[in-house]
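One chain, chain A, links the two complexes that follow: it is found with chain B in the first and with chain C in the second.
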Partner chain A sequence: MTRSPALRFLLVLGLLTGAALLLPLVANRGIVFLAGVVAINVVLGLAFNLLFSTAGLLSFGQATFSAAGAYAVALLLLRVPEIPFLVALGAAAATGAAIATAIGLVALRRTEGVYFAVLTLAFAELVHVVIAKTSFFGRNDGLTGIPRPRIGPIDLADGQAYYVFVILVTALLIACLWWVTHSRLGRSFRAIRLDPMRAAFLGIDVRRRRLEAFAVSGACAAAAGGLMGPLTSIVSPDLAHWGESTKPILFTLLGGAGHFWGPLVGAVVFSGVEYATRSLAGASDLITGGLLLAVVLAIPGGLLGLAALVVRRLRRRERPATVTDAAAEGARP
Partner chain B sequence: MVADLPTLLFNALVWGMATFLVAAGLTMIFGILHVLNFSHGGFFMIGAYVAHSLTNWSAAMANIWGFLAASVLAGAVIGIVGLVVDRAVFRRLAHVDGAYVLVATYALLLVCNGFVKLVWGLNVVSASPPPELFEVSFLGNLVLPHYSIFVVVAGVVVFLALEWLINMTSVGRLIQAIAIDPWMARLLGVNVGLIYSATVVIGFALAGLAGGLLVANQSLSPDLAGIFIIQAFGVVIVGGMGSIRGAFLAAILLGLVDSFGTALLPQMPGVLFFVALAAILLIRPRGLIASGRLS
Partner chain C sequence: MTKLTRRALLASGAGTALALSADPRIGVGQTNEPIRLGVVTPLSGPQEFIGSFVKNGAEVAVDLINKAGGVRGRPLALEFRDEKANPAAATTVARELLGMGINLQFGTIASTVALAYGPLMQAENGVNLTCGAGSEKINHENYSPHVFRIGDGTYRMRAQARMMAEKFPDVTSWTGIIPDHEYGRTVWAIYVDGLLEFYPKITGKQPQIVDPIIVPYGSGDYRNFITQAARTPARGIVNATYGGDAATFFQQARPFGLFNNRILMDAANEFIVANALKTQVPKHWTGTHWYYAANSSPVSKTFYEAYVAKTGQKMPMGWAGEAQAAVAAYAAAIAKTGSTETKAIIEALKGLTFDTVTGSRTIRAEDNQAIKDLEMIQIEPDAGSDVGFKVSDYVKIPGAGVIEPATPGKAMVLRKPS
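Let's look at the complex of A and B:
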């Protein structure tokens, strides 16, 4: 096992990306489509966790950013078909960052727990109503017939080409989020989470840093959301509904908020459970709700927290003298 | 067409009282347990379904007394469910981070949704008020559906009943004492756990009762929980978390915002509600009545 966190991260990311890229060889089209959606959800979860575990902000409006990205890409592809797709994705990220900055400027005046959560929820519902009622955004029907674009000579409409593209872009976004989390900026986010007053005394501009965290999270979520439209060929106001904002939170807590990969584990497990129970109307809600409740009540560290606990117990049994640092860096106390 | 002023005021009152009925139990549970209960909307919805099934069960229930009895029974059923939820979930959340509490109650909401889908199915069921409330009165230009008047009266009655319970009874005073300082209350020999349970049962019973009373206000579908819970959250937070009087005032205030907002911006109903919610939170972050205790 390598010691450097960056190398270890790249190793894990490489293995996961490789596994995701090999999936079409063994699975049917339905599963591969689902894997694309899960990959996007993983980024949404990680972007949420950057706010939640690193910067200490509970945002209940993450759907705003993913929906903004999805609509930005959909509108650009429908209205300006000649635009290069990567430029459209960049525009989506910029839209997400801009909206996050605008909301953050207002909402970050109140960062105490529930108030910030409800403010972000209120803004998210505001955006939801505006999208659902404006004909520019296709009202309740959303925008349909979003094409799969070309990138240079590659036509992403061919077979699994778009899936491969989604996996590569999400891997890039995950790398960005990891880099931010472990950079100087990420360390100042953590300092603010642990003690805002002390951080301010040390010369950290607390509000500015929080705004930056919000903007980075919004940009990543919007870029990931932008991948959604060409995948499903439709974007609808449901993407901005508050129910969508709760998903990244579920993934994060289910997987383990104190671990960088927590939201990934949560998104994969959650989607697996949802897929396994898809034909049972009602039972799927009962099972996902019950599962989530069990996790929060029994293993608040999430699945990765549980795994770390088990590993620590086993190691302690082998070598009773060693103190392990299984509590990964950035873990919530 | 812009509706006339009396109609707008009446609509505001109906919206406000309907939302207050849902928000009352929510703010009470928050005042004591400091749990912002997402699942409140879910139990409200189950209360509505239970009351609907009861009134459809026999023809003798198809009048206003049957309707009221079904609502009270729904409240009692949900109150008992509250006892179970308190034991199984809320007790265990006492020392958990606020974000996890919010997610736990959201998980409960999912469980409620699943339960409703399994028992009552996915279809939209329309519920109509009892015949006595089906009529409409006119006051000049003002159209007053009897059911809307009933909702307003029910909201005011529930508010007055809660005011009496909290301020005039010994249980109410104990609840207030615990809202202010549970540690000291325990030192003085108050059975804090019992009062916690009682509060949860009352809060849940209010959710069930609200479901029964408002059952004819909308069609029944598994989406019902989400529609009301956001409005109720707004009312609870604007009113000041844990304050019943605050929730009552906030319900009327936000009702006015919603009613006038719909008249001014008919193409975007609900937008002004969220704008007002954000604005009030920024100006008075702790809500209209920020006493930090149940009042």
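Let's look at the complex of A and C:
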């Protein structure tokens, strides 16, 4: 196994992307559709975790950014159908970054910790109400009939073309998030999380860095949200509901906040449980919620935290044997 | 533990791929396999009370058909999914069913969900029959050949306006309590269209339309809106709030005496509000998809008896009848065409006449809208009754006389107050 974190990351990302791209060969189109939704959720979870575990900011309003991206793409595809789709996605990311910057400028000015979290929730609810009350956004009914676009000669409405596109774009977004997390910028985010006062003393502009973290997270969440409209053919105010903001938090806690891939594991497991209990109407939410509660309470480090613990214990068990063997080897004449 | 060999892995992978690639939708009659119908309806959340009627109604209808030998010798089987009254959740589970090869679906009651199905079913080659969605867009500007409304649609409110003109010719000023969503806006727009057409025709009087009171969806406090309504000169009020919202609104309106000297026309709560408020329910009219006690056809009677036997509910609401109509429409279409393929079913459904609990219905070929008779009941409190209320009047209006012209792909042209 390679020791370079970048190569190791690319290897894992390549394997996951490859597995996702091969899925249509073995699964029906319903499952493939759900896999597309999970891929988008993974980016939402990772974007949240960039804020939470890297920059130390707890945001309860992530759905604002994904909904902003979803609405931006939906409106552009419905009203300006000739717009290139990649430009629409870029516009979605820019919208997310702009809204995050605007909210961040207010929320990060004087608040942090739980006050910041509550303020993001308040802004998210404001955005939800504005969407639900504005005719331009389709009010409570949302926007329907969002087409799957073309990219040059490729018609994304053909077969699983749009799913493949979703997987490739989400892989790219995941790579961006990993790069930010491990870049100099990411290290300054971590420095702020660990000790903002010392970071400021070392010359890091704490407020500016936090705003940058918020904007990067918002842009990635919005770009992922932008993929949602053409996938489901509908965007509705539910996307901006506070309940949607809790999902990336759940993915992160379930998978393990201390690990880059934690939200991915969380999103996949969460969706798996939801899918397995889908025909148990009413009980489905109860089972999903109960399982989440059990995992979060019993395994504070999440599923990846548990896996890491198990691996450490196994290694510790193996280690004395190795030492004895080595000693025996060394004792030989 | 058994070791998974490379050979076993390859074999199982290939086998799975082969099994999944097989197309289960083969011609009816070549097999005795059940014909699977997907039911996507709210089975949890705030609209579960409606979804439960759809679910039970569908199960009873399928049981009756299967007991009678099925469709062309094949039994029907239902696959339920919970759409939680959320368009995104609904499209997700609908796609999942399509992925399982279940292309014939029904159970939609929310307008937004029904509107979302048009492009989805078209793209994914499925069919959806709505069971109560009221938006006029479904068969007009958002018309999709893959979505059918097998029940009463837009024109139910026109029938209710006509009935008011016939029963209350002196009540010529109207306003509405309208929730701010697609269904609410549709109810008001169509009701006004009906008032403006039928009052002059039947009574010779021009109705006065007072701006409706728009209320937030899911509001817990209607008192401001109630005083607003009480200040208007309107002698008639149409209510489009729904379920728990309507019960809250009716209850809060009591101390204000809002309904004392006014006629209350409720859009379609059937027994929902009356069940909640019992002897406190104000006297009002309400639209119903199917009133079991007034339909004496053998289909209605058999269905009602089977429904009561299965659920123990002696007062089923009309959505159960809409589910029966959806199952009957698919059964008739499959029997007619001999196939369950989407294209064949769409062709068979267009112009299809089929028998339901409310009598015969015909699906208009141009815009996939069924023409059926419209039913309205008057509910009033009754302390002597077990349930605290009674149905004191019933009116049936033939659908052919009130249905709007078919304009698929184009917005419905509505009369508006000058």
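Observations, loosely collected:
Throughout what follows, the second predicted complex is superposed on the first by the 316 of 333 C-alpha atoms of A that agree within 3 Å, B and C clash if a C-alpha of one lies under 4 Å from a C-alpha of the other, contacts with A are read in each partner's own complex, and residues count from 1 in each chain.
We adopt the following convention: a residue touches a chain if its C-beta (ideal position, glycine included) is under 8 Å from a C-beta of that chain, and two chains touch if they have at least 3 such contacts.
Predicted, not measured: the structure shown is a model, and the values here were computed from it.
Set side by side, chain B and chain C differ in how many residues of chain A they touch, and the one touching more is B.
In the superposition on chain A, contact of A:37 is made with chain C only, not with chain B. When the two structures are aligned on the shared chain, A:297 is found in touch with chain B, with no touch to chain C. By the touch criterion stated above, A:25 is placed in contact with chain C alone, chain B being left untouched. Once the two complexes are overlaid on the shared chain, A:285 sits against chain B and chain C alike. With both structures placed on the common chain, the touch criterion links A:58 to chain B but leaves chain C unconnected.
Of the two partner chains, chain B is the only one that A:121 touches; chain C does not reach it. Once chain A of one complex is fitted onto chain A of the other, the partner contacts of A:246 are limited to chain B, with no touch recorded for chain C.
Legend: residue contacts after superposition of the two complexes on their common chain; A:183 is shown touching neither chain B nor chain C. Shared interface residues of chain A (contacting chain B in one complex, chain C in the other): 133, 281-282, 284-285. Those residues of chain C that touch chain A in the shared complex are 13, 16-17, 20, 43-44, 48, 80-82, 86-88, 91-93, 95-101, 111-112, 115-116, 118-120, 123-124, 142, 180-182, 217.
Interface residues of chain A, counted against chain B in their complex, comprise 52, 58, 106-107, 109-110, 112-115, 117-119, 121-123, 125-126, 129-130, 133, 242-243, 246, 249-250, 253, 281-293, 296-297, 300. Residues of chain B that touch chain A in their complex: 36, 89, 92-93, 96-100, 102-104, 106-118, 122, 226, 230, 233-234, 237, 241, 267-271, 274-275, 277-278, 281-282, 285.
Taken in their complex, chain A has these residues touching chain C: 25-34, 37, 133, 139-142, 144-148, 157, 232-234, 236, 238-239, 278-279, 281-282, 284-285.
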